[in-house]
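What follows is a pair of complexes built around subunit A, which joins subunit B in one and subunit C in the other.
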Partner chain A sequence: MSSDTTNSKGNNVGLIALVVGIVGIVIALFGFKQGWDNGDVRPIMSWLIGIGFWLSIAIGMLFLTQIWYVFHARWPTIIRRQCEHGMAAFPYLLVLFLPLLAIPFLHENPGLLWKWMDGHNALPGHGTVGEDPLYQWKSPFLNIPFFAIRAVGIFGVFILVSGLLRRWSFNTDTTGDVNNLHNARRLSSLGLFLTSIAMTLGAIDWFKSLEYHWFSTMYGVWFFAASMRAAISALLILCVILAAKGYLKGILKQAHRYDLGCLMLTFTIFWTYISFSQYFLIYSANIPEETFWYNIREMNFDGTRNSWWWVSMGLIFGHFLTPFLCLLWYKTKVVVWRTVLVACWILAFHVLDLYWNIVPGKMVTPDHGPGYLVRQFSISPYDIAALIGIGGICIFAMCRSMKKAEPIPVRDPNILTSLNYTE
Partner chain B sequence: MATTTQDSSMDATQAALLAKVQPAELQEQPLVTNNRDFNWVTDKICRIVETKTPTWWWICMAVALMTASFTGLGLLWLVSSGVGVWGLANPINWGWAIVNFVFWIGIGHAGTLISAVLCLLKQGWRTSINRAAEAMTIFAVVCAGIFPLFHVGRVWFAWWLFPIPNSNGIWPQFRSPLEWDVFAVSTYGTVSVLFWYMGMIPDLSVLRDRAVQRLKKNAYEGAGALAKGMDIFRKNFYAIFAMGWRNAGNHWRNYEMAYLILAGISTPLVLSVHTIVSFDFALAVLPGWHTTIFPPYFVAGAIFSGFGMVLTLMLPLRALYGMHDLITQRHIDNMCKICLGTGSIVGYAYIMEFFIAWYGANPYESFAFINRAFGQYWWAYVMMFSCNVFTPQLFWFKKVRQNWALVWVMSIFINVGMWFERFVITVTSLANDFLPSSWGYYSPTMVDILTFFGTFGLFSVLFLLFLRFLPLMPIAEVKFVMPAADPHGHHGDEKGDHH
Partner chain C sequence: MSESYGIIASFPNTPAFFHAAEKVRDAGYKKWDTYSSFPVHGMPAAQGQPRSKVPVFTFCGGVSGFSLGLSIVWFMNAFNYPLIVGGQPFFSPVFPFPIMYELTILLSAFGTLGGMFITNLLPQHYNSLFNSDKFLEVSGDRLVIAIEARDGQYDPVATRRFLEEIGGTDIEEVSA
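This part shows the complex of A and B:
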């Protein structure tokens, strides 16, 4: 950091974030333990929602950084540094992911969260996972050892790529060595491939396989779109806070905010395009193997409308239409409070999108008879605790990273273009 | 401290931070090399149109016309005999016609991507190639349109595709993506023509003014009456289409605004057109077609094939017109990298389709993909995969990107591979559908082959006419990205001619 004052501010924020994070995590882990002991999956899903939310932001920041490197983008140079700090959360997220990974190894029902992990788990209608021909077919991919190896590999890619990008960028601050930039550009070209594959596998394993019968080739792209939206919104809020209270005061220009706003609009449209295409093609084909995933997000087994219908409508109007219409206006992208409001709105609905993807599920009826029950929409205090707790740790990781490098990449070859950037 | 703009809200901390700013030196190749001046750019681009028609142009035109005649003959044969002259037969009722349609439409996409999307992304390198790519878009749409138009059988009833009230009370099927294609492609064609034409207006005025200047000087001694006659023609022709452009400040202001709006309209069009083209397949409940990734995968594939074609066209043009300073290695590098990126996205989709076909545990879906790779059309799948996924991986290497002949050959591979992609999608799923007793093998007839072959001639005829009569590059935009136009850069000896 550039001065003691800013340093101490950063320290304070980091410390507060750490304390809040620990408190949140303790509460969420208490819920996790309750779920673990009682065989109740809902508090465990809270943890997955929390991980999913913060991981998607970090993944989005990793993608943004790499895309900017690959396209030789100059304007976001000062913003890229904030992404680099945000990416410091990956190793912490790996540690925070471990409780989820412990379930298949340590719990008496390995399939507590991902039901395919236990062959004894009953399926709606009749039979068990182990007797299910669909599971038997998928078991070469959906098995616990391979799942764990993939999880380690996925985090390994994120940590390795983000770590190298951070190191080279920070190194440029002191050495001014332009080779760091060349290395970062080369790695980003390859890294985009690696992170795309890792992210796709993560989305399939952690979210899609919750209902392992369901399949969609688009799912990885959905998670990419969602992650980019979340990351851009979080980045904008972060930059505005740093411009108001921290080291970006007078450095972050309206033009930077405007371009981030344009990116928010772009990825709002892209997320909608992907989500709609997936829905539309499945709706149109009307094949029961695929449509059930959307059906349970709309109605119960008896055809009555369930709580997810309202969430689905909320996503259409709240996650697409409202930010889309707002961001079409120039002023929304330049008036600070409006941009921040839209960014917060997008993040809130991103959480809802994760709920929508994670929580609904088919449950067996009490008599294990025909039909199924749908796990309904609910907001648990543990959801909030996990979101705040994991977020606190991620913010702590970011503040810790901020102490390791200059607030902006002062010796980056493109720093002047970014500092003097105008619309 | 290096030059930075300081905000009044900054305090000492930020000022101290800015004092540390000391950017490292980064050598980057300019977008116009050899320190060319503004006059050179104007002259270079205009002289393509103004000088005597080169012999190679006449030879190419003759060959192109002859090739195009195959399409004419093929269509004549089709109209007089019926669609049966094509190789379509149950169960493969979509054959080369839809393959060729998607192939040509895809090629068009790079033009819009370069002119609209790269404009919105402020990518300066687009300026040297955008005009030719836009022209390519329009000519590709013309070629594409032929196939569905004649596939309707009785082409004189093709206007029924439009929802026009008629005495028979016959309406198109609005729920069919083929009908959506009619709207998508015609909108796309219209906007592309508008965008292309509007971007040319300032350059047409330059050609007009240069003809007027020459006529005023009357410097035609030795050049003959033909040269003067041509300039009179140019003066009038370009004057009409330049619509009174005088380079006034308000002209440029309106132009920039209109350009931006058209770029904004064109960008969703790029996505929508190929998305709807992908719906032609994805909305059918057929293994291999019904898959959710089709929309973005088709868009990426279209951009991939379009950039392949831009490279195929621009590399020879660059050599023929000596435009190495305008279409530099940096441009070629960028285009190769876009091919690498989009080719890899296409590869991601191929693998994802294959994986989910297995993961979905649907035996019909699994069969469709195994049959694609190892069935009767394995050779087409190998062509598709190797040309589209493996070939562009060579673009990782700088030495490959710097070998223009190799890049050109690889761009041909991309074109071939993308044609095969559409063939694989269309034919393999239809040939081996749900009912093994009706399985078939599709072979094109000579009419199919010659009609498609002829479209390359038609495309070339149109492109050659474009080269001869219209400015190949947007003159002002090229100047804007020159080092001489940089207010912070070294101006050298350039003269400030902004024509």
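This part shows the complex of A and C:
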């Protein structure tokens, strides 16, 4: 095999990704610094969007790997290896998360991004966070030390589980010891619980607590569904690129792409089911503590439509209806360019979904009178810089991991089933 | 002998069976089929069969379920007997969603089941192939290709010779 040439190609891609990543991160951090100095939260949210996007892909890959282990799935053996490379990004993502974790400890207003972190922060209407009975009730959970411990624990789970799964799978390549895979399967059955809890806590802490008044029991599942969609789409694009570049040439069959396409359809429906159920329960119950979260995503305080209304409609028609109808067709799932197009489309709207969950917020009016302002939809250059920058580092991590192991798990007992897989 | 239904030929093993099917396809026959007691991967392509039409029935079922759900809620709660529930509007696409969604799934399933019956030409209580004792062994270990007499290219002598050429054994004509 011409492993020398492919490896050097991988080197180049990794190096380019690293350079692009560093440039993007420098630009995004410049925005972060501006926001830090001026007390402007928007450029800091750019960083959170970037982290959220790439973290969701890595989390989805971690879930897919464990689900495949637990169900003893044989067809995705060749794809599992690509997930394992993707999961190499977790330690880097922890480092990239640190600027956000620094806000409560180093900034003069600890509640710059997560406003509950500072009791002096004014609330729309009247009062401050510290005087808010809802915050007082939630303070045993929502306090800075516990938040920091949780953040470390959440990343600890991701890094530990993904690290062990990677080590065992790569070890099988060299030793052929099947016990590695038994261990991986055992760990996965526990790890699915651990990762689910860690992911739910992460979604609650980092995204939901931006509006700490609001509560939804569906939120963790929403993030799971969104992560799976993003991971499957990213995985499909990755596999197609690897097949075109020679790593998986002749290995990635139409049947693999078709099944990933089916999973993409499944999680498109699942994401919609979860997102709609969350909306529907809050709509039916009609309690102000919950409905305000959707209100600000639809209208301003005076009831006029705001920019988020269009984004919401964009999510319904762009993130659900369009990919759903496209993926119903068999041809969409087997014709390469169509599948890749739908996967890119889903990833683009996944970013929009993150915007929709992170950016809108109630802001105090300038005279601190009744009512509130809604932070409107905008795409800042720092968003793009953060997405590209953090993505560059993640891709660098993946390319680095690719040099450590075979392109497919060559000595996995299921490899032949996966190689000969047909629809 | 009564009118002929077609000719059947048996094949000794799956690869021979599979490649014979490809040859029948390439020879341009249309009214023919392969019979085995287990699924052979890739056989639909070897037979030159297009994709199944069942998804079309499923889709039609789903669309009618969706619109049925939408219209019954609109008719009952907004038109025939306008009713205020929980301070919500008489009609909105939001609250009938569970019904629309359930009916979409239900009628998609009905569409799939019905479509499967229709495209498989079921129920079919009689098939002339059962007149052949050799054909009955298909449920055991026999692999059979049958070319029907209603095929435009069918010729009792030429088709029999063709089946012999592609490796068929136990060739026999089945009466209708």
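As a working rule, the second predicted complex is superposed on the first by the 420 of 423 C-alpha atoms of A that agree within 3 Å, B and C clash if a C-alpha of one lies under 4 Å from a C-alpha of the other, contacts with A are read in each partner's own complex, and residues count from 1 in each chain.
We adopt the following convention: a residue touches a chain if its C-beta (ideal position, glycine included) is under 8 Å from a C-beta of that chain, and two chains touch if they have at least 3 such contacts.
Note that the structure is a prediction, hence the values are computed from the model and not measured.
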item	value
Contacts of A:220 with subunit B and subunit C, given as first, second, both or neither	first
Touching partner for A:284 - first (subunit B), second (subunit C), both, neither	both
Which of subunit B and subunit C A:330 touches, first, second, both or neither	second
Contacts on subunit A seen with subunit B and repeated with subunit C across the two complexes	284, 286
Subunit B partner contacts - residues on subunit A that touch it in the complex	2-3, 5-6, 70-71, 133-134, 137-138, 141, 172, 176-178, 181, 189, 192-193, 196-197, 200, 215-221, 247, 249-251, 269, 273-274, 277-278, 281-282, 284-287, 289, 406-408, 410-416, 419-420
Touching residues on subunit C, where the partner in the complex is subunit A	41-42, 51, 55, 59, 86-88, 94-95, 97-98
Residue ranges of subunit B touching subunit A (in the complex, touch as defined)	2-11, 13-14, 16-18, 20-26, 121, 123, 268, 271, 275, 279, 282-283, 285, 290-296, 337, 341, 344, 348-349, 352-353, 356, 359-362, 396
Footprint of subunit C on subunit A - complex, ascending	276, 279-280, 283-284, 286, 328, 330, 422
